[in-house]
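Presented sequentially are two complexes of chain A, the first with chain B as partner and the second with chain C.
Then we have the complex of A and B:
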């Protein structure tokens, strides 16, 4: 029983990060119908930046976290500029390919700048942990779940209560109609990418205390976050959160009871199963065209 | 014979002559290894071009399929299951069968969803290469691959392997050319223009795409077997997500959907490897930036861009990033 609980806790820690990344995929997909592959690299960028900032200046943790979230948002907006605004024909496939190019570029740049160094961050409440029924619940797990809760709640409010949020939803539903009522499509896409960047950066800050982050940290994580988004139904916010936690738990269970060596395969097996059996995900939002 | 056919045959003859000349003029095992690398890349890109350039379906599985070929040849021969020559032939057969298996469900999905399925399959292959230690040797690599031997002749130097590689790469290019100039190519072009119209005219798009994806796997299998028998060693590194993206980027840069795009692409990879031999860390950065620039200025790639300027008639637009590859909505 305590084993199972321990496994569930470790699943939650990673699942929270998947959920944040998946939320980013969902927002960008809704706004542009493209898949932003730079998402995982924002997580890495934020983790590395947080660790480096902490090493260099020891600012209060809150400052570090806020700083890297802003950095993530900036990276998102820059992605939008490069992958969307500068492209002559920004159809979803081209934008997706451009984000892959950008992901490779970001990763390569961090490799050169950091020279493969790894960075960590102290836990948000030090090494504090709780003992529950024989299992250890790290405080960081609670922080990460809290980050997801704040992000999901904040996004729900943002999309229902703010002018920009409503404009974003309108633009996602019918870009031309929204544009004809005076909503700027450009502002909408920039906001989508910026939000996605901020969410991924929050994931990076939340993971840096759990495992060392280096230039290679983001690629697999981003792809898994994408699998989580597909599991929940690409474009669905609640689906992204549930998909993220479900994937984290499935992975932890597989690692605990079947094989830790092959745990990374779980996300991609899930991705294939979802694509082949139920491409709309568990919470259908989009229609998938079949030939 | 049309003007285009004549130009193409001339181009192929020039390429063959250049490859023979390169093999005779260049000396040294390292240099011959580079030439084999060129042939391996040419096979990989020619195969990828079939599914990406002509069928308009962007695949991110090519690096994984390449690895599957390399490991099939390597494991079968190193563990002495079959003689090396049989292992060499088994590689494309196994990879083609695997491609067909992946293609069967995923080619029914459209656009980006197909790409995502190939991404998943490719990453799974890569992860298995690194983790199935008892079979593949894991991250340390597979050792003890014997020398390829066919009818008593031993391909025991990169120089010997090069002639086999060059012959296979040229054969692959000619086969691909004939295929896309046949009714298959015509049907695919029709499907690319308007799928419903093509369907009405009797084009079975799904079956054609499955054929091309299976062939694409066979090319990757041959490439993998050549790589394994050239180096006598297999490690998982080149077969990951970055490898898949690199191949796609190079094909897009060089010209997807053009006959000589893969040739330009393989030359580009050779050039990059050679120029950046001492600064391997910079290579991904340069590739990433080049790709971003390429999307901007040459949606058709170098070969298409050259063709537009010097080759007269405009070739069909590369489907990488075209409406045809548009995301499922």
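Then we have the complex of A and C:
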């Protein structure tokens, strides 16, 4: 029992990061119908930057976290500039391809700059942990779940209460209509990518205390976040969160009870199953098309 | 409202198709030959180290170690009166590139010997058949056992590094001394981990050990599931076998699970201060198998290697203004061994003759260990050359067998 709980806790820690990455996929997909494959590299970039900043200047942890979230947002906006503005006819497939190119570029740049070094952050509450029914719950797990809660709550408010958020939603549904309200399509896509970058950066900051981050950290994580987004129904916010945690737990349980060497297969098996059986995702209801 | 959830758009199809295709481009450049000596016919040493690309951290140090050895040998008059001249290429971690460069070394540059296998076992293994066929002596500085095995396919191939069999042999002796009967072994799924897994599965039971194995992917962000599973078997020692940062996660997770009262161990691929600084408190007290270099100043004066290590570390620090690591030592030994062999043949660089000379050398005390090559053993190092060390929170110190 305590083993099961222990394994579940480890699934939550990682699942929270998947959820944040999946949220980023969802937002960009809503705004542009493209898949932003640079998403995982933002996580890596943020993790490396957080560790390097902490090593170089030892600023308060909050400063580091906020700084890398801003960096993530910037990376997102730059991605949008390259993938959408510099390309003549940015249809979703082209944009998706461009983000893959950017992902490779970001990874190569970090490799060259950091010389393969890995970086880490201290836990947000040090090494603190709780004992629950014989299992250890790290404070960082709670922090990461908290990050997801704040991000999901913040996004819900943003999309329902702020002018930009409402316009963004409108733009996703009908770009021309939205443009007539004064929100340009370009501003909308820039906001989508920026938010996605910030979310991924939060995931990077939350993971750096759990596991050292190096240039190679983001690719697989991004793909798993994508699997989580698919699992929850691509484009759905609540689906992304549920998908992230579900995938994290499934992976941990598989590693703990089936085979530890091939735990990575879980994400891709899930991805394939979803594509074959229920491309709309497990948690999304098929909506009736309103005319 | 149009539904954006009910259809799978085309971008998604593209995305899925390309999902696994994200790979790093190789980077880097070739650089030509290095400076040569003044005497008429220098001995040409071909060298392949990846000083760019994924193995750059390793390759950089190897090149420094090689340069130091060549500089020292030339300063004392060369080998048999002839200077050493290095022809250097950087394969940047790319095996195909390394194969081309190796062919160029033997066909165009006409090198006499080759030291260094691209700083990556896979590259060294690809270079081996080319050099064997050409009749050129190959002194690898990479780890894989297959570089020198089986003996009848490795007549001209040697290596200046440990076989994992030797390192694990030493580790098991350590366990015997510490009364360890049950081991939880966590290798990563790379070639490095898989090879050790096989060795420990074969040798462990012979030495009365019960070994439970839980592999992990090097990109794993949590090893808690694996450790939880092993904890159920109640081992006396947990040994991780990886060169990747996931080893830090292993230390942190082990601490969170309260395994501090057991032996927490890493293999010789994890002897890196940076990793332990990252692990913080979780790394204190970790035991590692290692070459003696990280603890050379602590060795008793009676240790056969103490003198060689002290003089190497001093010269390296003077030249590069940084502490040497084991990779630099391996390349340094590689050049010295080759030079010894050429001296023994009287300047003849025929591959077969050099191989025989290496096999016939008196045991050579190098940086990594005491090399004693035989026709069957082209690695030449023994379990005595391996040190058991411990991270005390600030640095590596010698660990005592009887704890």
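Assume the second predicted complex is superposed on the first by the 284 of 291 C-alpha atoms of A that agree within 3 Å, B and C clash if a C-alpha of one lies under 4 Å from a C-alpha of the other, contacts with A are read in each partner's own complex, and residues count from 1 in each chain.
The criterion applied here is as follows: contacts are C-beta pairs under 8 Å (C-beta built on N, C-alpha and C of every residue); 3 or more make two chains touch, one makes a residue touch a chain.
Quantities reported herein were computed from a predicted structural model and do not represent experimental measurements.
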| request: For A:109, select first, second, both or neither according to whether it touches chain B, chain C, the two together, or no partner. | output: first
| query | With the two structures laid over each other on chain A, which partner does A:232 touch: chain B (first), chain C (second), both, or neither? | reply | neither
| said: Between chain B and chain C, whom does A:33 touch in the aligned arrangement: first, second, both, or neither? | reply: both
| task | May I ask you to decide whether A:76 touches chain B, chain C, both, or neither, giving the answer as first, second, both or neither? | result | neither
| message | Quick one: is A:261 in contact with chain B, with chain C, with both, or with neither? Answer first, second, both or neither. | response | both
| request: Could you look at A:89 and tell me whether it touches chain B, chain C, both or neither (first, second, both, neither)? | output: first
| query | Touching A:207 in the superposition: chain B (first), chain C (second), both, neither? | reply | second
| task | Considering only the touch criterion stated at the top, classify A:269 as touching first (chain B), second (chain C), both, or neither. | result | first
| request: Quick one: classify A:219 as touching chain B (first), chain C (second), both or neither. | output: both
| More residues of chain A in touch with chain C or with chain B? | C
| message | Based on the A-chain superposition described above, do chain B and chain C contact any of the same residues on chain A, and if so which? | response | 33-35, 91-93, 96-97, 100, 103-104, 107-108, 111-112, 219-220, 223, 226, 261-262, 264, 271, 275, 279, 286-290
| query | What does chain B use to touch chain A in their complex? | reply | 58, 105-113, 115-117, 119-121, 123-124, 127-128, 131, 133, 195, 205-206, 241-242, 245, 248-249, 252, 281-285, 287-289, 291-292, 295-296, 299, 320-323, 325-329
| note | Listed in rising order, the residues of chain C that touch chain A in the complex are 1-6, 8-12, 14-16, 18-25, 27, 54, 56-57, 189, 214-217, 219-222, 224-226, 228-229, 231-232, 245-246, 248-249, 252-253, 255-258, 274-275, 278, 280-282
| said: Per the contact definition, I'd like the list of chain A residues that touch chain B in the complex. | reply: 33-35, 82, 86-89, 91-94, 96-98, 100-109, 111-112, 219-220, 223, 226-227, 230, 261-262, 264-265, 268-269, 271-272, 275-276, 279, 286-291
| field | chain A - residues contacting chain C, complex | value | 3, 6-7, 9-10, 13-14, 17, 29-30, 33-35, 37, 91-93, 95-97, 100, 103-104, 107-108, 111-112, 115-120, 122, 127, 129, 136, 138, 172-174, 207, 210-214, 216-217, 219-221, 223, 226, 233-236, 252-253, 255-257, 260-264, 271, 275, 279-281, 284, 286-290
